[in-house]
Amino acid sequence: MRLALVNLGYLAASVLFILTFKGLSHPRTAVRANLLGSVGMLVAVVATLLLLGRDGATGYAVILGGMAVGGIIGVLLALRIRMTAMPQMVALLNGFGGAASVLVAGAALLEALAMGQVPSAQFTVATVGAGIIGTVTFWGSLVAFAKLEEIIGGRPLMFSGQRALNAALLLGSVLLGGWLVVTPEAAWLYWVIVAAATVLGVTAVLPIGGADMPVVITLLNSYSGLAACATGFVLDNNMLIVAGSLVGASGIILTQIMCRAMNRPIANVLFGGVGAEVVTADDDVYAGRVKSVSADEIAMVLEAARRVVIVPGYGMAVAQAQHAVRDLARLLEGRGVEVEFGIHPVAGRMPGHMNVLLAEADIPYEKVKEMDAINPSFAQTDVAIVIGANDVVNPLARTDPTSPIAGMPILDVDKARTVIVIKRSLSPGFAGIPNPLFAAENTLMYFADGKQAVLDLIDAAKQAA
Amino acid sequence: MRLALVNLGYLAASVLFILTFKGLSHPRTAVRANLLGSVGMLVAVVATLLLLGRDGATGYAVILGGMAVGGIIGVLLALRIRMTAMPQMVALLNGFGGAASVLVAGAALLEALAMGQVPSAQFTVATVGAGIIGTVTFWGSLVAFAKLEEIIGGRPLMFSGQRALNAALLLGSVLLGGWLVVTPEAAWLYWVIVAAATVLGVTAVLPIGGADMPVVITLLNSYSGLAACATGFVLDNNMLIVAGSLVGASGIILTQIMCRAMNRPIANVLFGGVGAEVVTADDDVYAGRVKSVSADEIAMVLEAARRVVIVPGYGMAVAQAQHAVRDLARLLEGRGVEVEFGIHPVAGRMPGHMNVLLAEADIPYEKVKEMDAINPSFAQTDVAIVIGANDVVNPLARTDPTSPIAGMPILDVDKARTVIVIKRSLSPGFAGIPNPLFAAENTLMYFADGKQAVLDLIDAAKQAA
Amino acid sequence: MEALAITLFIFVLAMFVGFEVITKVPPTLHTPLTSGANAVSGITIVGAILSAGLQLTTLTTVLGFLAVVFATINVVGGFLVTHRMLRMFRRK
Amino acid sequence: MEALAITLFIFVLAMFVGFEVITKVPPTLHTPLTSGANAVSGITIVGAILSAGLQLTTLTTVLGFLAVVFATINVVGGFLVTHRMLRMFRRK
């Protein structure tokens, strides 16, 4: 009876998790979906406590203590984080999930041995899987976090023989894992595997450039899902398998989307060391053709505009300029100008990064258009304001087949009547290449920090009126 | 080892079935999808034969004999059927599937008893489920078949106390089923249940009008899926459950789509007895306002047209006019006229009925537009040719809230400059109501059998040129 | 986990897959969808084969034989008629 | 069926559900999707609770405790931060 209840609980939790991902298909239903997910988690926890009760467990204090500690840390982290630091936050949380998988699988192995059972092959294979994947997830996520928070340099750290070392570490862990499957009573092997995977996690992510961290994070996210799946195989628990698969699928899909949008195969991201050399601004591209203007001049251009498209990029996140941008948009709309936002799929440093920032600034999502929706409209646009975006509006992607971003679809801002670009200098974006847009006939550059620039623009526009 | 292979085969078959339904999302991939489905079935059969081999079964001759007989009948049916008779064919095949479920569940019960087992509650509940659902599916499908083939009258057969009788039969079967669950050794009860369900299947479908048969068929289709699911619970076979659920889901979704497109709740279809009274053509609607024209006059109208939309309905299927319609379309296109086809979701007598007929006549599917896609274009259409359609172009749906089709979205042919309606008389369509379109200012009626009418039109058009 | 719980799990997951996949089928293909689904529902042929093959009693063998016949008609007829229909859908 | 076969069945079905459902999430919501998926991956809390609660040996209890802490951070932090983000998405 109790077992039936537990199983029903697990089934209900699985359904709630599926509904969570289903509900994320629209902003209107997304808040509820996330709540459903947390209810699912609650149901899963309660069902597990019920299961424990049957076995006459005594460790409720330990459990509650752990949940209290973890809960407080989780709440603090979640409430403190700036919206612009979301990529780091996800990396950190992801790492913790991986760590939990490692610990759970290790404990399950020890328990099986302590109870004098001979673990089955399914059990040990899954344990080794959870151990390797979870450890790589944990350390990889920590390195990604450190790079994004600039605790360590974002530049790829490459040394010769790196790939050989990583391959050796992976092979070594798998071989040790095979040994453990054959002699499951040698539990110490598990910790050796974890040690090897630790080195692997660090050395696999260090050589990847800071701007590629989002891909790493979503990939690790899918790994943490697969680790949960593996734990499910260890514990023979279907709910873990369902939840883990959902997470795994989500990570894989997002990784694919990002790689496709950057037009780079995943292998190039993971092993390419892109971002290692920064090509400095090419004089041939810019020499004497860049028109730098003042806020007042821009205000005059905006005066005559009837349709304005704002294209934000990573620089808007750095400058935290989203609220200022919102104010500018409202000012223009107040004057009858049609204002829309054009978002490139890999603008910023994680998928949907710009959307979250604009939502934070209370900009209704109906005005925020995806690339394919906004591109045909640039020809009818008077002014395109590019704020802190660079690679995603670089026409070289269309014209130069040797460029690192060749073939990446871009936002066609250059088709607008006038393009205003707000950034601090002519220095390149993530891809490290010059951008001919900045020297184009119809482009006006406004050099300043993103937030200050927009505030100045608002002032100038108010005065002009 | 053998068991592992069998299980792998079942998993592979399940995946193939999922891919079948996935591939049906586009005409380009649909042929391959259907082949994948048949491969899945082959895999499932081979895996089952392998499983039998382990148990040292001897009945291979019986199996092969049965497959040979069934295969020949199946091939003959499939190759002989006219495309216009597809609804009947589906009904018949559906019934056979239901019958197989009933026999399998009955045999499984007898086998369990013969082997001296005490069947579990899960087993008997599922057996009863498969028995009731399968029997209703079989007999219901046969009645639907007979109505569609006009072996029995399409008119709803209603008698007083019918609903009470059906409710009693259902309740009786369920109660007998409960008895069987309690005393599983009384296998004869199973056949009593089947007998009760037989009467239920017949009396439940008889009172439903012939034109509502498609809804009945898709509903029974979903039942046959659920019956397969129940058989899966009986045999503890996950592949049966997966395949059955897919079929069940498909039937439920199609039933919903049809009911929504007709703007009638499913209860009204099943218990409403719609189609019982046919309201004869209302003189107030037509009196003196119907313009009947000749083929030559229509040819002249078509001469001046630059855009023509053809709207087929049930009458095109009855007249088998699809090839003639194709020739007309090609003739017009040869003269530089833009020709498209507008299809209402419930045109004809089953979902997608018109699409299959047009495809049979080799009309490329890019020219065949759904209602929402074609409706905005009628205002720019010179001539709309309505052939054998009636209810789906009846403006009363928009204007008369008391009409049986009130609120049903229709094809807005009346917005075209000229509407040509081809049918044999002013008699109503399935809903049994007059159609003010036939008396509209811009409507020309051409009274003739659909096929002959189009052939005459082609001749007239050729002569006019 | 108990057998029934697992079977329920699979049922629920399969229903989700079914709904997600089938809502993507366009109206154009609804007739082939119906007949294709119909063919798949002939999967009860598996149970029929088991009964016919085990030959436990004469009655179960007869029932199994009939079930094989019916299920095979459903499967073969269903896939074949669907194939006939789908082959007709051509591009420009 | 054997245990492994069943688990594989569930894995495959869940993967299908995942792919179907997640390909429908619009780019706008990709960041909340990542953090939400992250929170769900904290489901390993179930295993952590079992280890911490059984208290079989001191070592497994300690491991279980740490696992509960990590998993809870992941779950609570993940759902909360996702909620914070999603609440910001407003209509006109």
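The first chain written gets the first letter, and so on, giving A, B, C and D; residue counts start at 1 in each chain.
Quick note on the criterion: a contact is a pair of C-beta atoms (placed from the backbone, for glycine too) under 8 Å apart; a residue touches a chain by one contact, two chains touch by 3 or more.
Every value quoted in this text rests on a predicted model; they were computed, and no experiment measured them.
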**OP:** Tally the contacting C-beta pairs at the A-C interface and at the B-C interface, and name the larger one.
**Re:** B-C
Original post:
Rounded to the nearest whole Å, what is the centre-to-centre distance of chain A and chain C, using the mean of the C-alpha atoms as each centre?
Top reply: 42
Original post:
At what distance in angstrom does the C-alpha mean of chain C lie from that of chain B?
Top reply: 16
Original post:
So, what's the distance in Å between the C-alpha centres of chain D and chain C?
Top reply: 35
Original post:
Taking each chain's centre as its mean C-alpha position, how far apart are chain B and chain D in Å?
Top reply: 42
Subject >> Set of chain D residues in contact with two or more other chains >> reply: 6, 9-10, 13-14, 16-17, 21
**OP:** Among the residues of chain B, pick out those that touch two or more other chains and give their numbers.
**Re:** 18, 236-238, 242
Subject >> Those chain pairs that satisfy the touch definition >> reply: A-C, A-D, B-C, B-D, C-D
Original post:
Hey, which residues of chain B end up touching chain C in the complex?
Top reply: 17-18, 20-22, 24-28, 30-31, 33-35, 37-38, 40-41, 44-45, 48-49, 51-52, 55, 57-60, 62-63, 65-67, 69-71, 73-75, 77-79, 81, 83, 86, 89-90, 93-94, 96-97, 99-101, 103-108, 110-111, 114-115, 122, 217-218, 221, 224-225, 227-229, 231-251, 253-254, 257, 343, 345, 350-353, 355-356, 359-360, 362, 364-368, 370
Subject >> Residues of chain C touching chain A in the complex >> reply: 1-2, 5-6, 8-9, 12-13, 16
**OP:** Give every residue of chain D touching chain C within the complex, in rising order.
**Re:** 6, 9-10, 13-14, 16-17, 20-21
**OP:** Would you mind writing out the residues of chain D in touch with chain A in their complex?
**Re:** 3-4, 7, 10-11, 14-15, 17-19, 21-57, 59-61, 63-92
Original post:
In the complex formed with chain D, which residues of chain B make contact?
Top reply: 3-4, 7-8, 10-11, 14-15, 18, 236-238, 242
